[in-house]
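Letters A, B and C mark the chains in the order given here, with residues in each chain numbered from 1 onward.
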Amino acid sequence: MESLLHSVQGYIYPDELQLQWSILIVLYPFITGLVAGAFILASLERVFNVEAVKPTYRLALLTALAFMIVAPLPLQLHLGHPERSFEMYLTPHTTSAMAMFGFVYLWYLMVVLVLEIWLDFRKDIVLMARASTGLKRMLYRAMALGSGNISERSLQIDDKVGKFITIVGIPSAILLHGYVGFIFGSVKANPWWSSALMPVVFIFSAMVSGIALVMLMYQFVSWYRRTAVDMPCLDTIARYLLYAFIIDFSLEMLDLVHRIYEADESFKTLDFMVHTKLYFSQIILQIIAGTLLPIGLLALVQIVKLTEQARRAIYGAAGLLTLVGIFAMRWNVVIGGQLFSKSLLGYTTYKMGLWSREGLLPAIILLILPFVILYILVQLLPPWDKARDAEVPRAQG
Amino acid sequence: MGTDRRAFLKQTGLILVLSGAAAQAWDFVLAGEPEKAPTYKLLDHWWAMAMDIRKCIGCGNCVRACKAENGVLLEPDCFRTWVERYHVHPDDPGHPEVDSPNGGYDGFPEKYKAGDGSKNFFVPKMCNHCAHSPCVQVCPVGATFESPDGVVLVDKTYCLGCRYCVQACPYGCRYIDPRTETVDKCSLCYHRITKGLTTACCEVCPMGARKLGDLKDPKDPIHDFLKDHMIHVLKPEMATGAKAYYNGLDGSVR
Amino acid sequence: MREWLRDREHMVRMGILFAGALAVFLVVRAVMVPKDFGTYGHFRTGALADNMAHPLVFAGRQACGDCHDDIVASRKGSKHEQIGCEACHGALEAHASAGDPSTLKPKLPDGKTICLVCHKENVAKPAGFPQIDPKDHGDGGPCTSCHNPHHPEIS
């Protein structure tokens, strides 16, 4: 506490000394953003018939599910009374965007993700139930809800319902992440957050991060399985990443230009903060390394004809930089919004613990956990099958 | 046979009457009408505060009394009320120098020289018990609320500790009590005002710079206070319906 | 019917699962929502009583006058008349509500320091307020050697 007091600059209201929302609250929108983005990429094939991205369809869904399972964990760790979080289902306050969380989460998890994955994998589940024994067989039979019907007609029905769910899933994904943006954007007390653009920026940066994640996952998984990368698929994903990025960047620039132009009473305070406390995370990590560089790399691929190897290297680099950049964006919004005083006369500091409940290590564990879950999911429900692999033409040099 | 029937009817009658009485009593319980303060009528009051900047001497009595009355931790970031000192240079009113050493709990050691052409004054701050409170608006479960008599209160047994309300308050008057891991803030000494006493901070203010007011009471001096002075609330552009009314609030006050 | 069901039975089973979960949720909700929630607004009405139930620490000046009416009388007409007793004497609810208040006699404030809390000069205090520099005022002894705190004017 003493060291915090000494690192206060200017004047802050006494109660503002410690930050209330920690790295865990940075993590939550990052994770749901990945979920929403991965899903939207998957929906490209299902709803918009972008055939090229079909090889990543199942992987994108499973990735979304793995991250979705982890999504509430940072919130639970953060709450003063996680055992009371069920109250959001009992007496949700309809004027609070946060009250939506329980229902939007449950809807998206159960209806959109679980149902869709179930419908898409059902045939394989039934086949795997028939082909296995003992505990595994019981598990697959349970997952098939005890039904063994995989006739043509039933699979057609699955496909139709699945398509409908995907269509419903798109606005659901927008809601899943848009409401998080609204949680921040509707706080009139905080000039760094309060903006009508906030939900839109969140949604597009979510799409960017989700697409980048699937792009990276696909490259990694292909390398791991020693299978050929479907280059038209990867090229298409990278193109969509570029489009989403351009929209996202334009929106963020619009916000910046608007702030600089209007220069209201909060401007000087925020400007100073961006140039000092947020310099590394905002200017270096988010804007230069995390946005301009990946956009440049992805645009390069569209302009100059490059070899497959070069393109894959660029996509890998761009994907990683993108994820870092989007994480930095969440950091800058959440932490940045609490570094300055609402008196607009001073600043405090964020002291992040290491082992504490809301410290760095729990955050890192929560970032690794979805990959562990994804590994388990992939064992249970392999997102690839030899037949589909064979459909993929060998890549041209 | 006859006595049995009579006994049965008596018993049934008793049960019916008692359950009727019990039902009535249950109504009282449900309505939260506390037997603890049977003479307090919730809907007869609309509480507010009259703060007079011209009278505040920065003695810190209010800060100390509040912590004592409400058992607030002595930590430097747990304040239900605090006092700020402003030092304004006449040629730069947009950039006041403000300080609040330990919230004013230990008073204000002199920092400035007299006669340097500056304007100096104290501003007591507290929860504004907003009529259109943004903190109440954002609570996801209804753990903070505005009572029917105009006091924004916290339900400590229901609060999740999500801290959304802390973010939403424009005045910085909420904090997390580490003992309960829930939010805490000025309760307008609800336990006092519902018994006809005034708040702890008003009780000990030697200058009458802080005065509790009941806007629904036609005889309350707050009506004259509002009429006879140039009145301001903090951050009026946020339209929070703040009910801490200030006389003599300088434009530099944040 | 059997025809229709044959290829859709897995959907029906899933539907039943969802309906079952919803039913369980509604039952749990009916049981767990606090009975007094929502009477006056979106909150648990009992919280009003909870907030009213805190113990008093300060008694309030009315309580002092019940026993110490002589002191109250002595303050009439002085500049300190409107100041609450506990502003200087500290929180006194325990003393006032004790069966025998003399068992909980509050400690007398220190005549050298208590007055300076308000009257030590400070640039931010209102201009008309009586402020002194303790080094320049008096002979260094306690303020009470010249001023009666209950009637501080020196005629």
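One rule holds for everything that comes next: a residue touches a chain if its C-beta (ideal position, glycine included) is under 8 Å from a C-beta of that chain, and two chains touch if they have at least 3 such contacts.
Because the structure is a prediction, the values reported are computed rather than measured.
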Contact graph of the chains (line, ring, star, complete, other): complete
Comparing A-B with A-C, the one with more C-beta contacts is A-B
Cα centre of chain B to Cα centre of chain C, whole Å, reads 9
For the pair chain A and chain B, the C-alpha centroid-to-centroid distance in angstrom is 41
In whole angstrom, the CA-centroid distance of chain A from chain C equals 45
Residue ranges of chain A touching at least 2 other chains are 90-91, 93
Where chain B touches two or more other chains at once, the residues are 142-143, 158
Residues of chain C that touch at least two other chains are 34, 37, 42
Note: in the complex, chain B contacts chain C through residues 29-32, 34, 36-37, 40, 42, 54-61, 65, 68-70, 85-87, 107-108, 110, 112-114, 118, 120-122, 142-148, 153-158, 187, 190-192, 194-195, 197-198, 200, 203-208
So, in the complex, the side of chain C touching chain A is made of residues 6-11, 13-14, 17-18, 25, 29, 32-34, 37-38, 42
So, in the complex, the side of chain C touching chain B is made of residues 34-37, 39-58, 60-62, 80, 82-84, 86-87, 91, 117-118, 121-126, 129
The chain B residues in contact with chain A across the complex are 75-79, 82, 84, 96-100, 102-103, 125, 134, 137-143, 158-164, 166-176, 180-182, 238, 254
The chain A residues in contact with chain C across the complex are 86, 89-91, 93, 110, 115, 118, 122, 144-147, 149, 151, 153-154, 157, 161
